[in-house]
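Below: one structure in structure tokens.
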């Protein structure tokens, strides 16, 4: 399965958490999924609520499965909520269509996975995700 | 598992029910969850409808898993319904995002569980929950 | 819905827990369901594992839904495991077919609910359940 | 929420993976759950199959929810397969009852979470888990 190496996934997670601390965000949780939507790495900061894994994964999972960033999914949900609800039906309810879900692309532009961040506002979550992705030398689409 | 003792949970349940009787509310149901969202104590008053366990738990479960009170969840649902729908998807449909779901915090402010009350209006449910929590000497966030 | 009063349900729960303490069993969890299989009261002792609500309910739920005690369900599972697996399919996987699930009957012999106890061996769980039921002046079928 | 700190969780994950490399095991995946069964940290080595997150979590989840190590769960499944099947029903099919699921206990003996390792034989998975737990200065029950 295409994906980033565990080494790069670690860098993404650590640097996203570091960005959250630098910006004094609430405790964050960060997941990296491979190109099949399967979990590769995850960390939840001390003080984050227990349900954060599911939310982080939901943001990244929708990105991979639909090939759409969290922002693009949110735009669609704003215009056509019943469509995103129905999409969630076929994906077992596992999709959270808001910013903080960021597509990972390789140099050719192919999707190689996604990052999901949750804990602060959706926009701040996306900023932290992008910081992690850049630190790993990858391209993100938020 | 962080949580209140069974002794304190009993006090919460009994005093919340007593508050409902004092205010002549409809028959109430009261649940106490631990910091992982797992049931510790529950009682349903005579005359309450049979589905009240699931509703009480749903109010408290969302509070624990998201670290947000029922009021805060309702505000988010009012602003962004598709987001709370999606959140509920990742939690198996188990979240009821309205008042009556009250976070329990310890003296440091850490979440140690939640109380869920249902049976009357959501606002009256929250009043009963807070009465139980105060009687147990704990801090609630409704 | 037929069922015991909350008052009697409380007695069952308390006396079952007291029996467990008297016999020095592991921490117990006790649920009382009404004649429709819906939760009326539950308590989990300090030190019990977090999943005990689901197990206690599963023991009592099978008893109500099938009109069979936990012992009778276990006998059937021992003889015909695939049948009890299939039964669980139609009940959403919610049935735990072992002792500790005890039918509650009124004086005419009609089922008015069930009690589920978990935490120690299945046989000890059933002993604690029967002690609670007898203390409430009801008839149990373990 | 009772649990280990993220710092300790990282140590567990890294040292369990290092043990696997030292013993030349197949690529491992390691999860740390808190005392409520919620994910705190996870890493999957390069070359592991994509479903490893669910298996690692399943091993650790059963340990937390039942308060039983993977070895104890396997012994029960060997003796009474229909019981462990039924238990899995009430936990949404999320339990993998084999070694590699290791309970984490604090100094008083209270369960504070669990570690799940998968990728090699169940017994080797448990060895790697214990190496991580010891490196973090915690007590494990495999």
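Quick notes
Per-chain residue numbering starts at 1, and chain names A, B, C and D are given in the order in which the chains are listed.
The definition used in the following text is that a residue touches a chain if its C-beta (ideal position, glycine included) is under 8 Å from a C-beta of that chain, and two chains touch if they have at least 3 such contacts.
Treat the numbers as computed from the prediction; the structure is a model and nothing was measured.
Note: centroid distance chain C to chain D, computed from Cα atoms, is 30 Å.
Averaging Cα coordinates per chain places chain B and chain D 31 Å apart.
If you average the Cα atoms of chain A and of chain D, the two centres end up 25 Å apart.
Shown for chain C are the residues in touch with two or more other chains, namely 50-51. The touch graph of the protein chains shown belongs to none of the named shapes. All chain pairs that count as touching, in label order, are A-B, A-D, B-C, B-D, C-D.
If you check the complex, the residues on chain C that touch chain B are 1, 5-6, 9-10, 34, 36, 38-46, 50-51, 53. Across the interface of their complex, chain D is touched by residues 1-2, 34-38, 92, 110-111 of chain B.
Note for the complex: chain D touches chain C at residues 35-37, 64-68, 80-83, 85-93, 110-111.
Against chain B, the residues of chain A that register as touching in their complex are 47-51, 54-55, 57-58, 77-78, 81, 84-85, 88, 92-98.
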